[in-house]
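These are the structures in question, set out in turn.
Look for chain A in each of the two complexes below; its partner is chain B in the first and chain C in the second.
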Partner chain A sequence: MRTKVILGLGAVALPLLLRNLYVIMFLVPDEMEQGPIYRIFFYHLPAFLVAAVGYLTAMVASVMYLVKKDQKYDAIAVAATETALAFAAVNLVTGMIWGRIIWGIWWAWDPRLTWALISWLVYFGYLMLRSAIDDPTERAKNSAVLSIFGSASVAVTWKAIEWWRTQHPGPVLSIRTGGVQKIDPMMENMIYVNFLALLLLGVIFMLVRLRQEEAQREIDALRRYAHAMN
Partner chain B sequence: MDERNITFMFYGLAVAWGLLALYAVLLGLRERDLTKQLETLRRMVEEKK
Partner chain C sequence: MTMLRHAAAIAAKDLRSEFRTKESINSTLSFSVVILLLFSFAFDPSPDMIAEFGGGLLWMVFAFAGALIVNRSFARELPNDCIDVLVASPASGASLFLGKAVACFVLLFGIECICLPVFGIFYNITWWRSLWALLGVLALGTWALACVGTFFSALTVNLRLRELMLPMLLYPMLIPALLSVMMLTNTLLTGQALPPDFSVWLRLLVGFNIMFTTLSVYLAETILVR
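Let's look at the complex of A and B:
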């Protein structure tokens, strides 16, 4: 059943991603001041949004694990976290490439960039922590706590462009500016459409990763069973 | 327009697609490895029964 869902989502996501790439490359006009480089923005911002959805999913699953003590929620949390890290990496690296041209530097220690990097490192640490704990219950409990605390860094990253005067551009989406149009509506729509495509891809990654986590748990159980039989 | 502007745009798009493709490949390799492990263990447990 899950394989069919993954294939179905893939059948929608892949054509949409390719269509979006075509539109981004050939149909949207250059930005007046930035030139062609601003097209990176159509991946940079949606990748951040997908990562934020992943981190949020992991946080909710972690809370659910601590409440229900069901390993299913731990599996969801790790699948969401790993997927979010992949998209957050896209966000960070594309931002650096954009910054090299627009700011003349690869990196600035401004609050938004710094907190985005801190979030990435916290969740990378989450994966490292998991690999360091053998007992499944201890692993799930400790990583759930870290995931919940880590979500604070995601919230700070999200609000950084409002709380501080950052080198990073401020909010541009009209849903965050109270309806004020900061960019051309065509550009804003393209961001939403590519967010949808990347979100579908993120859901596919997460479902595949979730299946792998379940397979890993079955492997661990079979190993214990085989060991007990000896 | 600076020629580097368009070059870096390509770098940016390539990195975005490349990182996601790399993660997809890593997922695929892990899937293959886990399936192999699972089949071996299932067979081993069946033989021991």
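Let's look at the complex of A and C:
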């Protein structure tokens, strides 16, 4: 059943991604001040949003694990975190490429950039912590707690732009500016459509990773059973 | 009330044990002085440069020293399975955590109070111009370090590579607090006029402390009970 869901999502995501690539490259006009490089923004912001959805999913799954003590939620949390880290890396790298062209530097210690990196490091620490614990229950419990702490850090990332003065461009989506249109509606719609495409891709990655995680747990359980029988 | 009484008993136990052996105090103090010394080789400590990032240097020393202190917080309970006895005692996980965090806070704050004059002598700073405000900011920053550090010490106490994992998890999580406290200390240390964004950093530091203290107290039981 899950294979069919993955294939179905892939059948929707692939044409959408190709269509978006075509529209972004050939139909959307250049930005007045930045020129063609602004197109990277159609991947930069949606990648961050998908990463944020992944972090949020991981946090909810971690809370659910602590409440229900069901390993299924731990598997969802780790799959969501790994997927979110991949998209957060896309966000950071595309931001750096944009910064090199527009600011003339690869990296600025601007609050929002710094916080995006901190969030990435926090969740990378989550994966490191998991790899250092052998006992499955202990690993699930400790990493669930760390994920909740990490989500507090990500929440601050999200709000950082309002708290500090920054050289990072301010919010441009009308849902974040209180309805004020800061970019062309066509560009804004393209961001939402590409967010949908990347979100579908993220869900596919997560489901594939979840299946791997469940298979790994089954193998570990069989290994423990075989060990106990000997 | 019982929780606070238990926490006070655990803090007193940790402090008594530390003052008898002095293993963390001596090593952390000498480590802090060595780092202060090493900074003088990394750059020319001119008055202008110190005015610009003296607070940052000082907090780097405190953050490194803090990792040493908090690392020992739960690790000292490992021999003879003392940690299992503490968890099985009537004290709740939250009071156990709070007691240990308070003990770390007292130790770290004491070390900071010794390092501050040494820093002033080495780098020629009249650091006492806003003494009470500076001590208040140091206390807030130290609580952030002690609270999150003690929680992560509990989280990593049974891990292989505990000494490596603790700073790797702790420092990224602490950056908002360290950033705020560095900005505030920098201003207060050199007696500069308070910048307009001073209250933003102060609010961030206080908010961080409230948020992470609440989370730590709430989740301590989950972490400690196996």
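The definition used in the following text is that the second predicted complex is superposed on the first by the 230 of 230 C-alpha atoms of A that agree within 3 Å, B and C clash if a C-alpha of one lies under 4 Å from a C-alpha of the other, contacts with A are read in each partner's own complex, and residues count from 1 in each chain.
Methods note: a residue touches a chain if its C-beta (ideal position, glycine included) is under 8 Å from a C-beta of that chain, and two chains touch if they have at least 3 such contacts.
Keep in mind that what you see is a predicted model, and the values were worked out from it rather than measured.
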Touching partner for A:I6 - first (chain B), second (chain C), both, neither: neither
Touching partner for A:L14 - first (chain B), second (chain C), both, neither: neither
Which superposed partner A:M187 touches (first chain B, second chain C, both, neither): neither
Contacts of A:V63 with chain B and chain C, given as first, second, both or neither: neither
First, second, both or neither for A:V23, with chain B first and chain C second: neither
Larger contact residue set on chain A - chain B or chain C: B
First (chain B), second (chain C), both or neither touched by A:L196: neither
Residues on chain A engaged by chain B in the complex (per definition of touch): 21, 24-25, 30, 34-37, 39-40, 43-44, 47, 86-87, 89-90, 93-94, 97-98, 100-101, 201, 205, 208-209, 211-212, 215-216, 218-219, 222-223, 225-226, 229
Partner chain C, residues of chain A touching it in the complex: 66, 114, 118, 121-122, 125, 128-129, 132-133, 138, 141-142, 145-146, 148-150, 152-153, 156, 163-165
Sites on chain C touched by chain A in the complex: 155-156, 158-161, 165, 168-169, 172-173, 175-176, 197, 200, 204, 211-212, 215, 219, 222-223, 226
Residues of chain B that touch chain A when the two form their complex: 1-2, 4-6, 8-9, 11-13, 15-17, 19-20, 23-24, 27, 30-31, 34-35, 37-38, 41-42, 44-45, 48
